[in-house]
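Alright, structures below, take your time with them.
In the two complexes below, chain A is the common chain; its partner is chain B in one and chain C in the other.
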Partner chain A sequence: MMAYWQNVWDRWQFLWDDRGDGVTYFQWMLSAWGYTVAVAAASLVIALVFGILIGTLRTLSGHRIISAFAAGWVELFRNIPILVQLFIWFFVISELVPGMRSVPGFVLACCALGFFTSARIAEQIRAGIQALPTGQRNAAYAVGFTQFQTYRYVILPQTFRIIIPPLTSEAMNIVKNSSVAFAVSIPELISFAMQTQEETSRGVEVYLAATVLYAVTALVVNRVMAFMERRMRIPGLTLQTQGAH
Partner chain B sequence: MIEMKSVSKWYGTTQVLNDCSVKINKGEVVVVCGPSGSGKSTLIKTINALEPIQKGEIWIDGVAVHDKATDLPKLRSRVGMVFQHFELFPHLSVTDNLIIAQVKVLGRRRDEAKKRGLQMLERVGLIDHQHKFPGQLSGGQQQRVAIARALSMDPIIMLFDEPTSALDPEMVGEVLDVMVGLASEGMTMMVVTHEMGFARKVSNRVIFMDVGGRILEDTTKDEFFGKIEDRQPRTREFLNKILQY
Partner chain C sequence: MATLDFSFYTWANISNYLLSGLYFSVALTIAATVGGIALGTIIALMRLSNIKPLEYIATWYVNVFRSVPLVMVILWFFLLVPSGFYDLFPGGSGQKYRAEICALITFVVFEAAFFSEIVRAGIQSLPRGQTNAGQALGMTYAQNMRYIILPQAIRNMLPVFLTQTIVLFQDTSLVYAIGAYDILKGFEIMGNTFGRRIETYLLAAVVYFIISFFLSMLVKKLNQKIRIVR
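Right after this comes the complex of A and B.
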């Protein structure tokens, strides 16, 4: 029995080995984890900015061209597989659009993942806006708010509270989806796992480690969002009564 | 103060307002009654352009509401409106509900706006509830806060769209008391309501509307309630039904 655990322990020792350039596999793993988090975080920022904007534009009544543009955006970015979109950014847009060739791969990967996710967030924003009673909009206009002020002070603050649960899923998805970035040589966790497995043949340990790091990251995101949900809770109001009044 | 000239409105092919003309002078209290679907709520919402009209003219204090070039937010900030379902902003405290439009629309300083808002809250008898959120108040209290919110903007007229219809019977009185107080101070008011007691007590004129959005009667309170036999058959039928119990 003792010998078995000794063996398990020994199998993980490769983490402290030098991979050949003064960097241990453990240090490489941490750096790869950092890339995963960085890609996910930057993509989430892009996804939120464009998702909120596009989702809001889709709900503007009486602006046919704007809402057609927003609807087109959503369909474009959610009808094409994420891996295909990633390749298009790398091999089509960077070739055909002037000046894009000098843009770092990290930025292109974040654009691909961010725009892909923005289509999903836009739909959640739209659903949240449409879930609000129309009376709120009327009341905002009645006190003299412009359309912009109505969204800024009345509609969107309530929308965010409604859509925190699906937004949590989206933030966790973006962490998991960042793994496709290995396909364009971003040195993130999957990239680390594949190369390390080739160099050390420690497939079991390497993929177990990557799995645990993904799970931990997603769990942290989940807890942060749960904290925000509690912080933003409106006294005397639950989501059930918010829609029903 | 307010003049509607031959106002007509359609939803698609359904006519909801049919050649409505109303004049309200400064200091007058006008009650609008009629069966469901007669267009009472639509009529009152056309005054601050929450409902657009297709034909006719609406003038408030010399400003043309029907004119596309009119600055609607500015106009609406001078017209107070109270809704059937209160429509306080649920994510803001009572105090912030009273302040936000004063600051963002009228450009008042925050302390100045707070002073004015709390004066109005005091007057509707809810100064102790200033730190609460709308969801923590009863329906009657919420409606009184909504009246205070409208009054904080120093409106030239107050519009009430069935202000007591969504209230428990016990809470109707506290809201009507506030409205009676306003009327006795000379506030110009247009009130859509089924509260005939209120109409009898404080109104100057009563307008009766029937299905199809037509104004059947526009007469003084004394005539409306005094000589029922002089009323049109449809009005008599309506009055007999609602005054029966």
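Right after this comes the complex of A and C.
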């Protein structure tokens, strides 16, 4: 029994090995985790900004061009796989759009993931706005609010509070989806796992470490959002959504 | 500023580089949907059963696969499926198509977790009276599921199944991680061969968009149809 645990212990010792440039695999793993969190966080900011904007525009009545544009945005970013979108940013947009070539890969990856997720957040914002009773909007117009004021003071504040549950799963999805950044050599957890597995042949240990870090990150996001949800819930108003990855 | 040139998309090149990839992507999507729904239904039934150990296993299964990125799961399976397994396939084809076979297994197992949640929601959306009525007629558990619960649950969930299939189809591009030859891989190799990466990635996006968009239109149609029947 003792020998078994000794063996398990020994198999993890590669973490303290130098990978060849003065950095241990453990340090690399932490920095990779940092990249995963950074990519996810920056993408989430982009996704929220564009998602809220597009989702709101989609519900405007009497502006056919604007809502058609918003609908097109959602369809475009929702129907192309994230990996392909990532390649488009790296190999097409950075080549064809002047001045994009000097943009660092990290920013491009965050743009790809952010715009991809913005389409899904836009759908949730739209569902949230439409879930509000029509009376809210009518009441705002009745007291003489303009459309802008109605959204600013009546519709959106309530929407933000009821879409927190679907936003939670979207925030967890963005952590998981950040894993595709390995394909464009962002040094995040999957890149770390793949390269370390090749260099040390400690596949099970490396993958286990990366998997646990992903699970921990997802759990933390989940708890934070659950806390926010408890504080901001509107009694009696909930939202039904469909699951995805 | 590069100029675009699509002249290398001749029929010969398309069938050389792209068709087998497209075939694999579609086959993977269909197999993972069918296999995922079958396995997912079993897991959903385990989760809803009153037998505690089965319930725990099913809950763990779903939670584990839902909290780990698909790419990570693909890498795990590629690492853990023993080499001997691929030898079971005739004529050395198992070793030749290692990545593809592994991708197939991974997707069925992974998607089952997501489909099981859909099936569970479908079963739970039915009124309790349906189960009770079946039992009152003297039906066994299996008969009740087979003739009363599952037909209704699956019918109600059909649009959600299709939505999940669209997500699944897009996810198949992630087999990139283990180098399986799917449509995206075909485009990548073509782009490298002809030095035309811009044009190939653009067309890859167009192909994925057309297929996904067409399927999502289908979901919309289906939704309308089901709504009328109710």
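Some observations on this one:
Following the convention adopted for this analysis, the second predicted complex is superposed on the first by the 233 of 245 C-alpha atoms of A that agree within 3 Å, B and C clash if a C-alpha of one lies under 4 Å from a C-alpha of the other, contacts with A are read in each partner's own complex, and residues count from 1 in each chain.
In this section, a residue touches a chain if its C-beta (ideal position, glycine included) is under 8 Å from a C-beta of that chain, and two chains touch if they have at least 3 such contacts.
Given the structure is predicted, the values throughout are model-derived calculations rather than measurements.
When the two complexes are overlaid on their common chain A, residue A:Thr146 makes contact with chain B while staying clear of chain C. Judged by the touch definition given at the top, the superposed model places A:Gly236 against chain B, while chain C stays out of reach. With both structures placed on the common chain, the touch criterion links A:Ile129 to neither chain B nor chain C.
By the touch criterion defined above, A:Ala183 reaches chain C but does not reach chain B. In the superposed model, A:Leu48 makes contact with neither chain B nor chain C. Of the two partner chains placed by superposition, A:Leu167 touches none, neither chain B nor chain C. Comparing chain C and chain B on the residues of chain A they touch gives the larger count to C.
Touch criterion met: A:Glu75 reaches chain C, while chain B stays clear of it. Once the two complexes are overlaid on chain A, the chain A residues touched by chain B in the first and by chain C in the second are 242, 245.
Taken together, the chain C residues at the contact with chain A in this complex read 1-2, 67-72, 75-76, 79-80, 114, 117-118, 160, 163-164, 166-167, 170-171, 173-174, 176-177, 184, 197-198, 201-202, 204-205, 208-209, 212-213, 216. Every residue of chain A that touches chain B in the complex is listed here, in rising order: 133, 135-136, 138-146, 149, 153-154, 157-158, 161, 234-237, 241-242, 245.
By the touch criterion given at the top, residues 45, 48, 50, 72-74, 76-79, 81, 83, 85, 87-91, 100-101, 104-106, 132-137, 149-150, 153 of chain B touch chain A in their complex. Against chain C, in their complex, chain A makes its touches with residues 75-76, 78-85, 87-88, 91-92, 95-96, 98, 172, 175-177, 179-180, 182-183, 190, 193-194, 197, 203-204, 207, 210-211, 214-215, 218-219, 242-245.
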